[in-house]
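Dropping the structures in below, format is structure tokens.
What follows is chain A paired twice: with chain B in the first complex and chain C in the second.
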Partner chain A sequence: MNKITLYIKQAWMMIRQNKLFSSIYITGTGLSIALTMTLFVILYIKFAPLYPEYKRNYTLIINSIEKTEKDSTSNNYWQSTPNFHLVNMIRQLPSVDAVAGIFMGWETSPHKDATTEYATIPVVLKYTNADYWKVYDFEFIAGKPYSDSDVASKTKNVVISQSCAKHLFKTEDITNKIINVSGIEYKIIGIVKDVASVMDNKTAADMWAPYTTTNYTDIEDLLGDCELAITAKSPDKIEIVKSEIAEMMHKYNQQDKLFNYQLLGPDTYWASQFRFGKILNEKDELLKYGYILFALLIIPALNLSGMISSRMNKRLPELGIRKTYGATNRQLLSQILWENFLLTIIGGLVGIIISYVILLCGSNWITNILNKGFNESIQLLSDNLSIEMLFNWWVFAAVLTISFILNIVSALIPASISLRQTIINSLNPKQ
Partner chain B sequence: MTIIKLTGIDKIYRTKEIETQALENVNLEVGKGEFLSIMGPSGCGKSTLLNIIGLLDSPTNGTIEMNGKLIDAKMSDKALAKFRNETLGFVFQSFHLIPSLNVIDNVQLPLIYRGVSHKESVERAKAVLERVGLSHRLHHMPSQLSGGQCQRVAIARAIIGQPEIILTDEPTGNLDSKMGAEVMDILHELNQKDGCTIVMVTHNEEQARQTSRIARFFDGRQVC
Partner chain C sequence: MFRTTLKQIWNQRRQNGWIFFELLFVGIFLWIVLDPLCVQIANKSIDRGYEQNGMYVLQLEKYSFSSPKYSAEMENDSLVKLQYLDIIREMRNIPEIECFAVAYGSAYANSGSFSGGELFADTALSKRTHLQFYHFVPVEGSDILKTYRLKDVNSGVTMTIAPDFASRNLIYLSENSAKMLYGRTDVVGEKCYNYKKEVQEIAGVFKDFKDRDYNQPYPTIFSSADFCKEIEGNFFMHLAYTFTFRVKDDVNRATFEKRFENEIKPKLERGNFYCLGIQRFDVVAQNMAELFGELNSTRRNTIFAIFGLMCVFLGMVGTFWVRANARRQEIGVMRSIGASKWRITSQFLTESAILVSVAVILSTIIMAHYVYTNNFFANVNMLSKDMLNPEYWQNNPITHFSVISIIVYLVLLVTSLIGTLIPVSRATRELPAEALHDE
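So, the complex of A and B:
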């Protein structure tokens, strides 16, 4: 049995001997870690590559475009989402792999009614181009996505989610069946695995159809009703794509005699989450998360530090005995941190359980936090968070790191102060 | 052969208001294999002297030599810890066992800090516990033992590292006479059979008379 095993054995014994202290400490640590974990899981869902947005790390987003008159005396100014004309222009750039165009016009909101011989239910329908299926990695359970020619020919094909299929047909064997969506008949050509409602509003939906099947009309202008998600041919070409887009816009502006167009982007997926209109301030937004994390950690750390300080006073004779028999201050500090780490890890496990309860019970408000602009009633989208969102190494590594930081912050100072006592004072603390 | 040599030891405790001289110009030599008793009234500096010999406290003035080695006041925490671990064993009046460790783990403590393997330290702990008559209490917690048993565990812990010097501060002070006699028997055996040098602080005149020499103190000074 090495020293660390003995420390842990002793720590376990102390947990059993000091049930009140241990349970308060573990609960305090657990609650702190639970809140931090919840924050981490929310951030993980917000930023990590998750189904079907596995390419988030090399996706560029353009949600807005500005138009101003070249006439310097004019103050006319327009800001809007771009249109599919811009989508098709960007698709031609050499380093671009695919450009998803998602129609965001009024027709997508509120929900539509989907009717079959079995049921009529409200659904969220997204209108997109064919590249949408290249940018996002949907898992097809049956059938296939619609193609460029389907989009060009305005063919009324639709892809629906697994839950939607079950609700509407009570079966998944429904390819080539017809469905009526708010008065328009679509042919079902594919079924995809459900997307959780906490995902980005570009992917969370019940049905997907070619944007040309709606009342969309393409115009020569670049302003319209569409948002863009662009993937580069390889992750290292993101910056090249950005410069190709900038050059393309420069040429476009040179050719246009009346107007200047300026894209609000392209932003990396990460940066796009921090854009509010023209303002893109990642640092300030990240600082906000930093402050929250700091508050979640420092307040319990101070409380725990006070508790440990009180316990260290009780343990002074033990420290004195250990020093008497040859322990150095460094060895004792290491021991205290190891013992405390065991308590913190148990607190961490409790925290994980509490955070899962918070996350599973509160998935509705998490949906609201993550999809602020997506308030339509999503009847069929699964609110449940998926396993890949909750159980992943990043989140567990974060918990371990937080436990470690809490341990160091809460135990280091009280332990160092106690170890400064002479052996005699430690052995006889009342003297 | 001298194993402990104290020369001109002073110990002064200072606070903002007062200065207390606990030891004044103490010169003491202890021979190898000797069993020395230190006696005197309460507050005369006996325990302070024992703490200085045990390197648990440092003198204000004077020098300490042990085993021919001068103990420098500037020795590092690590060097002092190593010296205590290898050369000294301690038995206190109030046992000072670690309450969260069982008997065998308490006894192994010096060997853990010496880096001895687990297997060897367990074997040696069992052997010393058998010697003090506690081989049937290996996994008991200190709270489950009587005072006499606790002191025997403390003695086992003191001797497991085979130190040359055992320092003991009123080892029978918290025990009844029968248990006290048992503990004294063990200490005498360690002195006579193993050749351990023992320095014992005691108030018990009868126990002191059984040792090889008595050093008496009064008001911080050695009087005989």
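So, the complex of A and C:
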């Protein structure tokens, strides 16, 4: 039997002997792990590549544009979402792979009523261009997306989600069927796998249709009512795309006699999550997450250290005997850390269960909990969270690392202090 | 006993150090999370100044250009005005409705919209205050004061709009606006001015009014400016005006809502206008609190506060459990020479209370520095510090600091004492002979 197995066996015996201590220790660790894991899952949903936004790492976002008059005496200033004219301009750039334009105008809210012969239900309908299906990797269960020619010809084709299909039809073969959305008839040409409600507002929807079927305005100005998601031809071309867009805007401003246009972006996807209008202060926001993580770890670590310190005092005679028979401080420290690690792992498992309870109970608000401003939650027909958000190796690895750090931080110092005692003092701690 | 306890704490300094540092950290942590939570609760508990129960907002929409129901012929300005007025009349005649108000824009409580401006008490424009404007349209019996049941600041009577309100360009001010401008509230008949020095007469002063449930009352003015004395017909008029109403007190809300959905809603279709439904004011308030992050910060701070307190509780239980076990013999000796259970328990509780008190004193000193550099003012919705109402404890820096510090201390003390009491009372239950057996 190797040493580690022996240590773990011994630790298991100690857990059984000191039930109150073990349960307090496990609950304390579990509490810390639960909140840490919840924090990681929220961050994972916010930043990691998830269905259908697998290209988040090399997606650029433009949500706003500013317009000012060239006349220096004028203070007139406009800020708005860009328009589809800008989408088409950026599409021409050599390093750009695709540009999704998502209509954010009047017709996008509130929920629309979708009607079939079987049911009428409220749905969220997004109006987009055809590149949308290149930028985002939707999984088509049946049919296909609408094309550039569908968009250009204002064809009333629609793609719907799996849940939407289940709610609206009783049969499975529903492509080419007609659906009435708030009085307008659309032909279903594709069914995609559900998008979780907590996803970015550019992809969270029950239905998607060409933006040309709305009352969008196609004017030769860059201000309008759409948001842009741009993918580069490869991840390493992100900076090139940014410089190409800057150069394009520079040329556009030189040609325009009356106005100057300035994009609020393009931001990398993760940076775009921290933009509030003109302000992009991602460092401060990341620091805020750092403080929270620090508090979630340091408080329980002190707690656990205190308990370990008290327990070490009780175990001093045992350590003294082992030292007498030749055990080194290093061996004893390793044993204590392993024993502790077993408790931390059990606490970690408890924490994971608690975090799932928190995430599932608060699934409609938990992902917004760290936002300071406007929190728009879209309720779709699909589930709020998906399996890949809750069960993924990155989060588990992070939790395991946190457990390990917590274990080291909370056990190392008190154990080292206790092991500094001489054999005589250890054997008779009451002296 | 106190001296013995202090000695005991010093002798156990190595073990006490950990729990002390934890208490110190949690003290700071709790201060940071409880401060916004307490201010939020205090702001929310301030009287709204109006009766939210029984109030509704009508949700009107228009068919879009792409809708087959859209009719271009119905879309001329005079026609849409008639259609809108017809909807108002249809609503006014509903027997369950007591009164209504046609607001200009989204001027209704918790709408999220804010129309601000300045008002002056003299023509020199020296005495001024910033206010929130509630513009409303006095048509077809629209009465915003009656609908909100605003109370006269002096008599406490529910106010109604004066019949010559629009023609005489009268205004109604909130109590805090009157105080900001004149330093008193008996200002009916006084003249005040806008930035163009146009004169307006004060027709009444109502008790402070809260536009948003989670905010403090902001100086408010109810007026009907030139641009909203009459309804103006245009394509976006369903967004330019909002119809709010109150149902009679004896009306069963659930029954009314059902009847509205089934019977009244379909009848409200006029031209390109159609009705989406009605929304209770409390639901509007809830939605706004969700949208603007107020509920989020409440949840976040509550979760963090519970986390901190649970850590302290577990820490106290753990530390004192181990300590009480280690001192079993001592407890046994004390019990055998006649010490009561309470005498022993109180010694441990005193130890715990001293630790908490010293940790809170230190964390309060640290927080005093923090508050000095990041002032409290950031927590409230006022434009300037002079607009803060000193009657609210959260607006006075010293009271604010003291209240939060006391709350932190009490919460931490109670949690720690409970955490100490559980293991210690368990240890004292043991018979002296058994405890001394180990000795």
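We take it that the second predicted complex is superposed on the first by the 414 of 431 C-alpha atoms of A that agree within 3 Å, B and C clash if a C-alpha of one lies under 4 Å from a C-alpha of the other, contacts with A are read in each partner's own complex, and residues count from 1 in each chain.
Here is the rule we use: a contact is a pair of C-beta atoms (placed from the backbone, for glycine too) under 8 Å apart; a residue touches a chain by one contact, two chains touch by 3 or more.
Owing to the predicted nature of the structure, the values given are computational and were not obtained by experimental measurement.
Engineer: Could you look at A:I184 and tell me whether it touches chain B, chain C, both or neither (first, second, both, neither)?
Structural biologist: A:I184 sits against chain C, while chain B stays out of touch.
Engineer: Between chain B and chain C, whom does A:G28 touch in the aligned arrangement: first, second, both, or neither?
Structural biologist: second
Engineer: Between chain B (first) and chain C (second), which, if any, makes contact with A:T213: first, second, both or neither?
Structural biologist: So A:T213 only meets chain C here.
Engineer: Which of the two partners, first being chain B and second being chain C, lies in contact with A:G347: first, second, both, or neither?
Structural biologist: In the superposition, A:G347 contacts neither chain B nor chain C.
Engineer: Look at A:P300 in the shared chain and tell me whether it touches chain B only, chain C only, both, or neither; answer first, second, both or neither.
Structural biologist: So A:P300 only meets chain C here.
Engineer: Could you let me know whether more residues of chain A are touched by chain B or by chain C?
Structural biologist: For chain A, the partner with the higher number of touched residues is C.
Engineer: Across the two complexes, what residues of chain A are contacted by chain B and by chain C?
Structural biologist: The answer is that chain A has no such residue.
Engineer: Taking the touch rule as given, give the residues of chain A at its contact with chain B in the complex, in rising order.
Structural biologist: 1-3, 6, 9-10, 13-14, 17, 317-318, 320-331, 422-424, 427
Engineer: Show which residues of chain A lie in contact with chain C when the two form their complex.
Structural biologist: My answer: residues 20-21, 24-25, 27-28, 31-32, 35, 106-107, 110, 182-184, 213-215, 295-296, 298-300, 302-303, 305-307, 309-311, 313-314, 362, 365, 368-377, 414, 417.
Engineer: Please output the residues of chain C touching chain A within their complex, sorted ascending.
Structural biologist: 14-15, 18-19, 21-22, 25-26, 29, 63-69, 276, 290-293, 295-297, 299-300, 303-304, 307-308, 310-312, 314-315, 317-319, 321-323, 325-326, 423
Engineer: Show me the residue ranges of chain B that touch chain A in the complex, using the header's touch definition.
Structural biologist: 51, 54, 56-57, 77-78, 81-82, 84-86, 90, 92, 96-101, 105, 109-110, 112-114, 118, 157
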